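Going in written order, the chains are labelled A, B, C, D and E, and every chain counts its residues from 1.
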Amino acid sequence: MIITEKDSWIRMIFSIHGTTMDRTWPRLAVVVGFSIFITIIAMVFPTHAYTLTMAPFTVVGLALAIFLGFRNNAAYDRYWEGRKLWGRMVNVCRTFTMQINTLIGAETGPVDPDAPLQPQADQQRMVHLIIVYINALRHRLRDTDASAELRGRLQNDAEADCYLAQDNVPAAVADRISRCINQVWRDGRLNVYHVPLLHQNLTEMLAIQGGCERIKSTPIPFTYSVLTHRTVLLYCLALPCGLHDTVGWLTPVVVALVAYAFLGLDAVGDEIEQPFSTDDNDLPLLQLTTMIEINVRQLSEQSPEQLPPPVQPVDHLLI
Amino acid sequence: MIITEKDSWIRMIFSIHGTTMDRTWPRLAVVVGFSIFITIIAMVFPTHAYTLTMAPFTVVGLALAIFLGFRNNAAYDRYWEGRKLWGRMVNVCRTFTMQINTLIGAETGPVDPDAPLQPQADQQRMVHLIIVYINALRHRLRDTDASAELRGRLQNDAEADCYLAQDNVPAAVADRISRCINQVWRDGRLNVYHVPLLHQNLTEMLAIQGGCERIKSTPIPFTYSVLTHRTVLLYCLALPCGLHDTVGWLTPVVVALVAYAFLGLDAVGDEIEQPFSTDDNDLPLLQLTTMIEINVRQLSEQSPEQLPPPVQPVDHLLI
Amino acid sequence: MIITEKDSWIRMIFSIHGTTMDRTWPRLAVVVGFSIFITIIAMVFPTHAYTLTMAPFTVVGLALAIFLGFRNNAAYDRYWEGRKLWGRMVNVCRTFTMQINTLIGAETGPVDPDAPLQPQADQQRMVHLIIVYINALRHRLRDTDASAELRGRLQNDAEADCYLAQDNVPAAVADRISRCINQVWRDGRLNVYHVPLLHQNLTEMLAIQGGCERIKSTPIPFTYSVLTHRTVLLYCLALPCGLHDTVGWLTPVVVALVAYAFLGLDAVGDEIEQPFSTDDNDLPLLQLTTMIEINVRQLSEQSPEQLPPPVQPVDHLLI
Amino acid sequence: MIITEKDSWIRMIFSIHGTTMDRTWPRLAVVVGFSIFITIIAMVFPTHAYTLTMAPFTVVGLALAIFLGFRNNAAYDRYWEGRKLWGRMVNVCRTFTMQINTLIGAETGPVDPDAPLQPQADQQRMVHLIIVYINALRHRLRDTDASAELRGRLQNDAEADCYLAQDNVPAAVADRISRCINQVWRDGRLNVYHVPLLHQNLTEMLAIQGGCERIKSTPIPFTYSVLTHRTVLLYCLALPCGLHDTVGWLTPVVVALVAYAFLGLDAVGDEIEQPFSTDDNDLPLLQLTTMIEINVRQLSEQSPEQLPPPVQPVDHLLI
Amino acid sequence: MIITEKDSWIRMIFSIHGTTMDRTWPRLAVVVGFSIFITIIAMVFPTHAYTLTMAPFTVVGLALAIFLGFRNNAAYDRYWEGRKLWGRMVNVCRTFTMQINTLIGAETGPVDPDAPLQPQADQQRMVHLIIVYINALRHRLRDTDASAELRGRLQNDAEADCYLAQDNVPAAVADRISRCINQVWRDGRLNVYHVPLLHQNLTEMLAIQGGCERIKSTPIPFTYSVLTHRTVLLYCLALPCGLHDTVGWLTPVVVALVAYAFLGLDAVGDEIEQPFSTDDNDLPLLQLTTMIEINVRQLSEQSPEQLPPPVQPVDHLLI
């Protein structure tokens, strides 16, 4: 995700980074080159045989507007839903940690809400498994290898291998949390009435994971993408044929501007359609998981030295 | 569902498969043929009697934009809602399995969350019924015969026939799961406070099923489809009459491109309006149910040999 | 609701039934008649006094697009929300039946989930009241008289009259179900912890009913409908004045096609705005209530003879 | 809210009432007067100095379409959300009443669900407070004085003054209901497990109230309204300058029609943006609260004489 | 947020305040200055070399409509979601306060719902922490320093420093509330069955906080903003080249009006995209937190002198 200052209207106008240029310039070059060719032909050998006039463009423009408007909205919805899901993940991790820290425990009688928490080993383990879970999910969504991170975090290769052996690593971790809940309940350290409350958090975590996997595994139907790409390309290629007899030598300039806008719109759609990759405009999963980890550990009263540093944007880019 | 690599912009431009061509080519041929006929007539016998000019097309284009934009959004919403419902099904099956494996059981006292699960017969049965349920639902949504699969999976023809005798086979299976919950509760192996928690999963499964049946049984109102089809066809047929006096011999080319975009948009709407069929752009229910089965069985610690292989795309197509 | 086969693209193009023609033909006749009149005047006495050119139509077309697009979406949203509500009703009736059949009952100790259910009188009564409820709701939404059906179904005129005496008959039936829950709980046949679970179903049923009543009692604000109707009519009437000088004798044909699309779009909006009536494109409430009844009775193990036959489409129409 | 018969397409076309005419006619008069002035100038002293041609209008029309389309949707969403909130209020009042009538009470042992309810004083009081609550909320949303109604309904001036002393009168009433729940629970007349169930209704009522207050207190951002009003006005005023050279003496007629549509659309947006006022197209809160009162009292088996008469539309207007 | 009277249509037309003019006037000046320059050149040295005609503008207008329409909707959705989240915060604070005041307490036996509340120290503390929480959240969302306010409100610097030491101050406060719930439960002053009910409020508060943080930390993807800004600017700069040959000396006037609308639309999008700042059209968080504080304190029966005064708009502006 690209992070900029708020009031940089002028700087945005002249920005290069993060405007899909690195992806669209070959297409743009082809389109502009073709338009220069057409313009030269048309201006040097003036003839009306290859003049389209603007009439067809109003018609095709209609189709283009429907395609681009639709794909744009669909892609942004996916992006924003992905962000919402991770926002819910932030919430559920905080809530879950608070509940683990206060609801589990055998003592009755007066307790002091201002005294420092002294979480037991099983509580600490459950909170740690939450952190393992979100990192495993990040690796899964980004198709990266989770084994090194899991082994490092768990410091128990047998347990890590047990999770890694399953197809769905985060689900395996969540399953272990579910067994920990079982353990504290059956040991008498969790009230039977509070088991459903803790389970709700697990249900929510799996619902979020399912939502992310859905976005990842189901792209916008292929036909829409193909039709959009084709209509945009043909429109841009045909544009000089329609423009040259009114605009003349300015044709390539106009075509360049129009093609830049349409190809850019098309490309940004491709980018945010899969919001969990590491493209410029994608979601900063590493920053989010690190933030959750810091939050969760602070709520468990770990000392500041134990916390990882927050992820900072590198060259305005947050990953 | 069509699966392609992410960066294949160029390949998409030249793709043939999955672009509704197999469905729209007869309509496209009729439209282009007619436009060639009109163009020849108009160019050979130039007369202004059959010239429409572009004026009517701006007007009809308005209606067309409303129709196509609306139908497109409505169809995609149905497609995406269908996918969301199956995403929730993935979630609920995982959650349900975890809860069955941990909440059911009579033991109290220390349990080890890292020890292998040893699910009892009734727990195994409930998890197995979940798998039967999703497969029965898949057959129901695709209008295929579930009897062979049910008999194979249950290995108990009496039980299978009992389900198959009902109008709604998946609901009959869900009802049996509900009775199993009843059984373990009344036997004292499930805490009375946890009965609602397990029932919530069942409620969610039936809600998902109801959502899928709703999408399947209630198409977009007939009148919209008819009006869209007609407006698209008439627009494409009339287009050469409006274009030939400005575009001349290029008329059929322009008509072909425009008609390809509009007929394609119309056809892809037809396809994803019913997302549970087996068209190119429809949802891969078989892949989803197999994935759920693998997940659920792994969470129940079945050995890898017992798992079915995941469904792979055949010729970029996932069913 | 109109039911057709899926692949009938060609048949749809030539379909007459269900295309709002029965409703729009007088308006269409007026518009086309007027356009013929204007065309004759304009072609026989050529003068530029009554020529509008297409300029005003781009302007009014803008307003028209906003009006029609808006009303179309609003009407379809109401239709689809109505369908969703009845989909939820299907779900809640199934879930409620399962819970009534398994949660109510005094026995403890081993029960066999595969043994036939033997619902007691109060369980049977509650399931029967669910069926009475949905039928009472159907009558309420369609403004038909529920008294005959209620008396027939309850076979107890005193009870039926008691419900019919209230303003809101379905709410009265739901209230009785609530008292039945009270009865089984206070009799010791329903666990006190499971009372909220059963009540949730009742809450959901009343939420669905409230949603349906909301759609029924609150149309799209009057001003929108009036402005849409007027803009459409004036646009269609003025169209020949703008077209005749470019299109000539073809004016009535073009006007007929345009007016058909716009008047049809306007009329289908009127139809599905109130999705609970019995217009061609409205929801098949009778089919839905019958399906729920069959489902609910099968889940209660009633024998096939006792079930009503499912509602079949008559002449492609399902009511 | 304006109530009309369904099939009055023709009557709608000629309707005057409820079409924002009472609000827009001065603006319309200014615009039409100006267009007559411009047309006379342009026709009597023909010159091209003040001819705009239609070119700028396609450009401004774009901005206009975005503004009007956006504001229209935003205003209607607010209206429909307001209606949904009151629909949920209907539901929660019915549900709450049923639960108060059945869950509260000390008796165990057989009860007859068909016997008339005999609510105790505290149950009657809670149901009565629900009715007080919705009426207090109606006064709050309409900025009318609730004191007379509250004193009349409560017949206990001390209690009424206690509520009226708070900033938020309905919240004060809801708080009293919460204390009544506390009372019946601590008196042993409500099971401790059912307290959360009753509280859920209260939570829902406060959520609805908060939603209504949000709509009331937060208009569409001021800038949108200003920009929309200005663009509409300037567009209508400039229109004759662009039309007169093609349309001639018909200019004022065209301008009148266009301005009627745009000013009407702008005005209806203003009206339904605040759906709780008493404009023609606003929500009939008085009818809704009276309906809830009748429902709730009938469910508590009050005799018909005690019920208020339902609110009827006066001159097609429901308030 | 700008607060005006409802019927000020005329005053809105001539309003200056709150119309983004303070932000857009430099851009507007550049655009208009450039258009004057172009017009003078074109009128004094008439040549067709730099005439664009309107043809390219229909094409670019298409892209502009998609960009502006999309960004507008996305920005408003963020604004309205932010407002909804704070509306839910109002609700949850009211509900939480009522539940704290009635559910906590050891007494059984008759209680009088009309007697004044006498909250104990721990109840008072929890309600006070709710007020601290919302103010800490306001500071966090507005990037202002919370330390002074927290120290003043808590009157306990050790406790305040404890919260301020964490990265996420509001989460730390919420965690303390969670420990207070723990305390009253383990002390026997809160029924074990009601712990989940109180925790739900906490879960909701953290969900709201997470939603606000999501809106704040994730802007609309950078590429959309850049493409929108650029297309708007280039469109406005190129407009005189297309208009001057039809509109002549009126070109700068038309350009000024068009540019005002487009630049204004672009700027208001920037403003409400981040609804928690203190721009003219942003949400009045200070007014909302003060209102919640008044509500919550009144529900706890604090005397009027203890309440803070409500926040009033200053020069029509509410912050």
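A few notes on this one:
Here is the rule we go by: a contact is a pair of C-beta atoms (placed from the backbone, for glycine too) under 8 Å apart; a residue touches a chain by one contact, two chains touch by 3 or more.
Chain by chain, the UniProt names read as follows: A, B, C, D, E = Bestrophin.
Note that the structure is a prediction, hence the values are computed from the model and not measured.
Common neighbours of chain C and chain E under the contact definition above: D. Averaged Cα coordinates give chain D a centre that lies 24 Å from the centre of chain E. With centres taken as mean Cα positions, chain C sits 38 Å from chain A. Contacts with at least two other chains are made by residues 58, 65, 69, 193, 196 of chain A.
Circular chain order, beginning with chain A and continuing to chain B, reads A, B, C, D, E (contacts as defined at the top). Contacts from chain B toward chain C in the complex involve residues 27, 48-50, 52-53, 55-56, 58-60, 62-63, 65-67, 69-70, 74, 159, 166-168, 171-172, 174-176, 178-183, 186-188, 192-193, 195-196, 199, 202-203, 206-207, 209-211, 213-214, 218, 221-227, 229-231, 233-234, 270, 274, 277.
Residues 1-2, 4, 6, 9, 12-13, 15, 18-20, 54, 57-58, 61, 64-65, 68-69, 72-73, 76, 79, 83-84, 86-88, 90-91, 94-95, 98-99, 101-103, 107-114, 117, 191, 193-194, 196-197, 239, 242-243, 246-250, 254, 257-258, 261-262, 264-265, 268, 271-272, 280-281, 283, 294-295, 298-299, 310 of chain B are the ones touching chain A in the complex.
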